[in-house]
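Down below are the structures I want you to see.
What follows is subunit A paired twice: with subunit B in the first complex and subunit C in the second.
Right, the complex of A and B next:
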């Protein structure tokens, strides 16, 4: 006996790196998700600066592929675009259940993500987002709005990419009180420090290499100065510890002053240096390079992310995973979509 | 505005190590769980070989403490016991929602856990268990029974103790296809190998020390010969990979032949030796001592457990936690109880 699948209509706002990754995994996994979870996922609209494309019966895999970043560029969008429709029209006027907000993070204003998320919740849609800005700036406002509207706001992809952290704490460790969280939440910094330590190479050299490999952005300041880690900490403070923190509550130091000498001295004493974000239930929020014992689970290399959750019952639970990559981020978004669809 | 808490009535069958741990954490966390999850957890009955104690209004913290293993022994049970009532009477006749099955594991017959779980599901109760035997022997029968009755059967505590693994794969990584699982699933073996490697001490010496510390049992054969790890692998194969495996499908080797020489040679080449359980979607099931690179996330020390989940979207996700301990196991049971109560 085969039960009928429940249709879940999705829009993707912001069709770059993460957004097109979500389209790809939804397409690739559609049959499997129908079989395993009884859900028929349909992408009914995508929007970014190039335009808005809508098909209420679901955009085909072929169309989505054409629209993906890097393929054919603006041409396909012009061809397919719904005349005169804006992102907000798509969010508000096209019938669907889940808005995936994946526009670039802006930590000063939160826009355009903030307006997208508010509009989506007000229109009665669930929201799954990878966008750190709106969550770091207006966490309480957004979660209160979601609660008032009886809608879900999920954001696993915003912290730690593919590494499940927020859902781990909230669901898997539901019986536990969380005492603190410590971790490496930025893969670029981890790559730089790992290479410096292993090869004895200076910061500038490794940074250049990271840029060439696409691991660091052209302007890597948000990563190496600790801003990105700090923004993620704010989201963790608010979501895990029910605080009302903002960026200015975080003491932030980056990795730009770390020398190969410091790494060597640390190594001789049995330590590595990692850029560690820390938050605890008393509201302590710090990003700083810290000594980590080599045998500690927090000592992970390359671009990996890691988080150690200290709890009152389960003791310390550590989770390690890839913090970046379009498919990895999309994996977190997809799990959030499935959770939302199954629980509402 | 305060919404009324939903009452969740619980019985605990098997009141040793894990069962009394569950009573302790439910008591300790009751107010917090009411506040955070809107659930009022009540233990309405406990049973083990010493007797059966029932209070339909919920056993008091004081009574539960008295009944706990090690406190006053049989006397308190005699005093409190409901005349003539058996465990099965408690399971079937006393009104409640969740049966916690925490009797000792028997991997030959699965009893008495198997009968308890079947009776509970047939009586329309949800079941949360830490008992590996019934799951390793009759996984499909039990899950099919649960599905037919529309009841939940959860068993996070059976594999990895406090380390969330089954729920991680099923919930947090829901969009992912799982390719393989590899890990250290037995803390006793990990302790022995870690100590042997770090101190250059022979197997027999460290085993004796582990017994003195209570890390190894008087008869440690199930741990050191790999049986315990193999049973956990069978549960993972069946629950994560939807197979129908039994213990005899696992190729098993233990750690009793590992020498300090082997550990030293491995170390010189940059490796540690760990007892690794492996299962993949093709049905490969093996427990054996394996070389693990020192820098690999699987290299965790002491009594820690670890599992590396290889997925098709999120890449490799590693989770590390305490595999044993009454409060740690109870933490997993409690999270399963909360999940069940919130989803049915």
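Right, the complex of A and C next:
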């Protein structure tokens, strides 16, 4: 029996690496998603600082590709952008079901993401976001608003990238009590510590190399000082452990003090050093370099992320995956979009 | 010779004093007492862990046996007499200006507890004014004592600006 596909109209706010990654996977998977899930995904608008492009019938694959982050051609934006239209106009005025929020993370103000998410929920739209800022600052306010409006707010991509963690705990492990969660939530730190340990190279050297490879940002302080991991922990504490934590509740130490000697001594004693984020049901939140036994599942190398969830029924469950990358993050966004479309 | 002893006392007042008195009578010196009131045994007794020191003389073993006999006579249940005293161990790393800030003092603080000791230490000093790294193995009579010893280490290191990397 053939049934008519349900149309899901999507806007993407913030058309950088993640935003254009979402456009790419939606385009690439469109037929498959229609066949498997009975959903017709349509991107009706994209917005970033260059402008806003709208097509209520769905932007073509060709247009999306032209606007994508890879080709920072302002020309195609100028041509396509709707005069005078802002991101908020797109969110509020153009009819659609799901807003994908993928603007830069700001952990001081949460903006511009915070305003985008609030406006979207108030306009009766579901929100799928990769942006950590609004969630770390205003988690309760946003989830309460979503509940009041009967709308979904999902954010798998914000913590652990491609690694399914939020849905693992909330859906697959439903019924379990979660005792603790610890893991490596920052690929840049993992890369640096792995290279230092394997090659015996000093911190500054490996950091430089990571910048050249595009693994570390020009200003890597948020990663190496543990801030990024701490922000993700706060989101986990609030979403998995139903706490009302903020960044100030986390004891944070980064990896800048780690020496090659320390890594060698650790290795001689049977350990590796990893930057571990840890949160438990008592509300203890800590980010610190820790000794991890070489045979422990938390010992993963390169830029990989890993999380070990300890539960009362299932025992320990470990997930390993890519924490960053536009397509990897888009994978989590896409899965959140499909889940939302099927449940509402 | 340091000895750890697990004993069980009746849950009535005065039992602890009664149990500890014979220790000095047999030439022993009490280093620590862990009274685990909240961990009653099925028969309603209170487990106590005592760490004591007996001078290493030819009669040390005999005096220890005498002490155990005396305790039993007084109705104290002696569950275990520890020859392998330090049962729990952990490795931690210290990174910073360890030598300048007097590593000895940090170690002494732990050794003085009577229930924990620094049993191994490897120090790596790359050069003057550079941060050094050390791997420190701490052993203790039990899990709780080990945690307490680590707390001491962390607090001392923190006060000296030394980073501590502890196991997960």
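Assume the second predicted complex is superposed on the first by the 342 of 344 C-alpha atoms of A that agree within 3 Å, B and C clash if a C-alpha of one lies under 4 Å from a C-alpha of the other, contacts with A are read in each partner's own complex, and residues count from 1 in each chain.
Following the convention adopted for this analysis, a residue touches a chain if its C-beta (ideal position, glycine included) is under 8 Å from a C-beta of that chain, and two chains touch if they have at least 3 such contacts.
Computed from a predicted structure; not experimentally measured.
Trainee: Once chain A of both complexes is superposed, is A:290 in touch with subunit B (first), subunit C (second), both, or neither?
Mentor: Touch status of A:290: second partner only.
Trainee: Determine, under the contact definition given at the top, whether A:25 touches first (subunit B), second (subunit C), both, or neither.
Mentor: After superposition on chain A, A:25 lies in contact with subunit B alone.
Trainee: Output check: A:143 vs subunit B and subunit C. Expected answer is one of first, second, both, neither. What do you get?
Mentor: Once the two structures are laid over each other on A, A:143 reaches no partner at all.
Trainee: Output check: A:174 vs subunit B and subunit C. Expected answer is one of first, second, both, neither. What do you get?
Mentor: A:174: touches subunit B, not subunit C.
Trainee: Pick one for A:106: touches subunit B only (first), subunit C only (second), both, or neither.
Mentor: Touch status of A:106: no partner.
Trainee: Between subunit C and subunit B, which one touches more residues of subunit A when both complexes sit on the common chain A?
Mentor: B
Trainee: Which partner does A:162 reach: the first (subunit B), the second (subunit C), both, or neither?
Mentor: A:162 contacts subunit B only, not subunit C.
Trainee: In the overlay, answer first, second, both or neither for which of subunit B and subunit C A:261 touches.
Mentor: second
Trainee: Name the contact category of A:271: first (subunit B only), second (subunit C only), both, or neither.
Mentor: second
Trainee: What residues on subunit A does subunit C touch that subunit B touches too?
Mentor: none
Trainee: List the residues on subunit C that touch subunit A in their complex, please.
Mentor: 91-93, 95-96, 122, 124, 126, 131-135, 137, 163, 165-168
Trainee: Which bits of subunit B are touching subunit A when the two form their complex?
Mentor: It comes out as residues 25, 29, 32-33, 37, 156, 162-164, 167-168, 171-177, 295, 297, 300-301, 304, 311, 313-322, 325, 327-328, 330-332, 334-335, 337-339, 343.
Trainee: Per the contact definition, I'd like the list of subunit A residues that touch subunit C in the complex.
Mentor: 182, 253, 257-259, 261-262, 264-266, 268-269, 271, 273, 276, 278, 288-293, 296, 298
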